[in-house]
Amino acid sequence: MLNFVESVQEAVSGIKDGSTVMIGGFGNAGQPFELIDALLDCGAKDLTVVNNNAGQGDQGLALLIKEGRVRKMICSFPRQSDSWHFDAKYKAGQIELELVPQGNLAERIRAAGAGIGGFFTPTGYGTMLAEGKETRIIDGRGQVFETPIHADVALIKALKADGKGNLVYRKTARNFGPIMAAAAKHTIVQVSEIVPTGALDPENVVTPGIYVNTVVRVPAAAGNTAGSTTGTEEKVA
Amino acid sequence: MGVMESSIKTSEAPLSRDDLARLVARDIAPGSFVNLGIGQPTLVSNYLTEDQDITLHTENGMLGMGPEAKGDEIDEDLINAGKIPVTELPGASYFHHADSFAMMRGGHLDICVLGAFQVSVTGDLANWHTGAPGAIPAVGGAMDLATGAKDVFVMMTLLTREGASKIVESCTYPLTGVGCVTRVYTDKAVFLTGPGGITVRETFGCTLEELQELVPVPLKAAAAA
Amino acid sequence: MGVMESSIKTSEAPLSRDDLARLVARDIAPGSFVNLGIGQPTLVSNYLTEDQDITLHTENGMLGMGPEAKGDEIDEDLINAGKIPVTELPGASYFHHADSFAMMRGGHLDICVLGAFQVSVTGDLANWHTGAPGAIPAVGGAMDLATGAKDVFVMMTLLTREGASKIVESCTYPLTGVGCVTRVYTDKAVFLTGPGGITVRETFGCTLEELQELVPVPLKAAAAA
Amino acid sequence: MLNFVESVQEAVSGIKDGSTVMIGGFGNAGQPFELIDALLDCGAKDLTVVNNNAGQGDQGLALLIKEGRVRKMICSFPRQSDSWHFDAKYKAGQIELELVPQGNLAERIRAAGAGIGGFFTPTGYGTMLAEGKETRIIDGRGQVFETPIHADVALIKALKADGKGNLVYRKTARNFGPIMAAAAKHTIVQVSEIVPTGALDPENVVTPGIYVNTVVRVPAAAGNTAGSTTGTEEKVA
């Protein structure tokens, strides 16, 4: 059932201790900061969090980790120049890490939403990230068996929702939103705008309302691009 | 360790990072779909010409990525895989993460250009993790790019700061992908990898014999193209 | 084969196809996402009320399907799974076939309503193929619906033209899905299947004892809801 | 490389005997009739054709089958009230049939485009369509191993293409187009309209041009809805 709620607090109020929570976003684009802040406030703990990263700076997911609410991170890129809260917890042995190549992360989330029990992929074959996993040679290529990642809750950000919960996104802020919405039992979306049913062109709906459970409007902050664009992912040059 | 001399191209001096980026850009076939990794590979975009009609992919969900955004162009919803604000070119498209990685993993990108710690004679790539005790591993999209693109070009200095060759018999760092690299662009030479092992296409500021002194695997000149 | 009598609902006469469709429609919870199979199940859409706010899915790539198109409304690009022209309701969306079946297979549809040749006591469904020698098999989306929807409702006459029960101990026709059916709506009774076997929710124009005479598996009344 | 060509004949001229050809469409919606006619004219034979059905009436795919060009059909629903050409060839043992549940057909095509080596799905478990296939129990559910369906060529129909080959579709004519475009080595698209690059909103592109090789404009015939809507798929009532 679809619910429109008045506050981010109300939106996250049903999240229980021990939940697996997917959080959308890549960098700041598509990060549902207000929903994450509400999750921090609501006190849920012992969480497994699925996100591309493991928090940056002193905001959002990084604070959830700092406060010890996250038992386990499933992500592709935890180590960043400003991921100090994760780094500290990890080095102290206080957080579990499941490191997943980004494409496997995306495909495993998609598999959960699509009812796939598992799949073979060449990504990771012959690397330490495939250690202990089932492998087979298919058409001459080594492949690794990967399993779906399901979640209890997804927290995502979209641009607009209509009265049926249909969503559209904006530019690269789309990223993990559509697949997380499909993979979670309960999907909570913060949108900049709620439009009347019929206002979105059916050809352009990205996430059909069937994947959405709770919608809350969080107006886009004016000028919050400042400080949002520190490039912090470092790879080898 | 014998060196077969031949008339491969050479230049007077080792290439600067920008010269190397210019060379890689020139080698990309017109109309290609390309992903440029974070760091040095990003420089390649500065030397792509309009005539080449190259479409850039960024794994966070976009084809048709334009140059880095400046000033008023900066939009926090429009960033590249390095989380740098970028711009959108006419004919761009956006898609979600599973569709974006399906594009990479399904073999649709013609070329990806990546940095590396090491490349082996058989084209194994190590570029994501030092494996040092206490190092926090982080892989991002490196394994998907290495495994999925039709051609994997590596850009790196030939030698580490300590003077060790990054072209090796067998990688000592944790692997990113097995047998995936097709070319290695370095400041001192361009190497091709393939079923016949590693060959040298051209050298910069050194002869093939001098290059062989630096690299601990047998080198030979590539067959003329 | 003992029958446990109880005070289940009954009606004066067997239900017509339309009455049965009305009953199924009434049993669909408000706000549900529903796929109605080709044939008799399609009738259900005639009895859904606006208050129920049901969203209809068609597996050829649409949510928010409206009634059959008439006259000028007919558009060859807007058809349902039975290839009948349909209409679009406000709040509709279109998607490709893999996304559409991901929706079905991922357990996102609340209910699908299907026809059947046979349903077994354990909820096995046979509805796609007679298995007759020479028959050309054709399955469409039946297996995906049967396996993917949260609830699978079957609508059928209880008896074949020859008078044999379509509720059986074990299907003799080739299976569509194993243990997937949750309810069976027939002209003579509504059956519920589950871990405890098959039970009867209500009968139409017959008593539970009379029904038992027709059906070759032990029946009992469902626990009151 | 992307090519814009002037005729459907030119578009299909590279299709070789023995090719696997995916053909888009569900019912008449999205069927690239003009490309199929051109394929018939060009004479390619010994084809494996992937389509939801196996041809209807005396047009398109049905004629390819009648003329003996199709060695094997991979489809979900060959038997229709007007599939007489397929029926005759099948009964005469002159065509091979791989019958695939429609969702497996779609997911296997998607897997080919996405570089997946194979996947497990509950669909078909315990049925005759899983006979001889690998199965396993995952999370308590029986699942069947299914493999990708690759193709040499895809023939699809879209509404518009821009100069980069980006495509948008129209209503339920979208169906198999996007996934077939990604699964084939060479994708040939007939469109009603070619628009300038930049005329399609990047948020609304359905098939990015990376999946498109040949585009040909085939203007939509006026009033060709007549006779296109005979409901012919029959299931049990």
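In order of appearance the chains are A, B, C and D, and numbering begins at 1 in each one.
Note that a contact is a pair of C-beta atoms (placed from the backbone, for glycine too) under 8 Å apart; a residue touches a chain by one contact, two chains touch by 3 or more.
Since the model is a prediction, treat every value here as computed from it, not as a measurement.
Centre-to-centre separation between chain A and chain D, using Cα means, comes to 34 Å.
Averaged C-alpha coordinates give centres for chain A and chain B that are 29 Å from one another. For this pair, chain A with chain C, the centres built from the Cα atoms lie 36 Å apart.
In chain C, the residues that reach two or more other chains under the touch definition are 62, 88, 94-95, 98, 101-102, 105, 148.
Among all residues of chain A, those that touch two or more other chains are 107, 110, 114-116, 121-122, 169-171, 202-203.
Arrangement of the chains shown, judged by which pairs touch: an irregular graph that fits none of the line, ring, star or complete shapes. Every pair of chains that touch is listed here: A-B, A-C, A-D, B-D, C-D.
Residues of chain D touching chain A in their complex: 107, 111, 114-122, 136, 138-139, 141, 143, 147, 168-171, 201-204. Every residue of chain C that touches chain D in the complex is listed here, in rising order: 37-40, 58-62, 74-85, 88, 94-98, 100-102, 104-105, 115-117, 124, 127-129, 131, 134, 136-144, 147-148, 156, 174-178.
Listed in rising order, the residues of chain D touching chain B in the complex are 1-2, 110, 112-116, 162-164, 166, 182, 197-198, 200, 202-203, 205, 208-211. The touching residues of chain A, when paired with chain B in their complex, are 26-30, 76-80, 86-87, 90-91, 97, 99-107, 109-110, 121-129, 142, 169-179, 206, 224-225, 228-237. By the touch criterion given at the top, residues 31, 33, 55, 57, 62-64, 88, 90-95, 98, 101-103, 105-109, 148 of chain C touch chain A in their complex.
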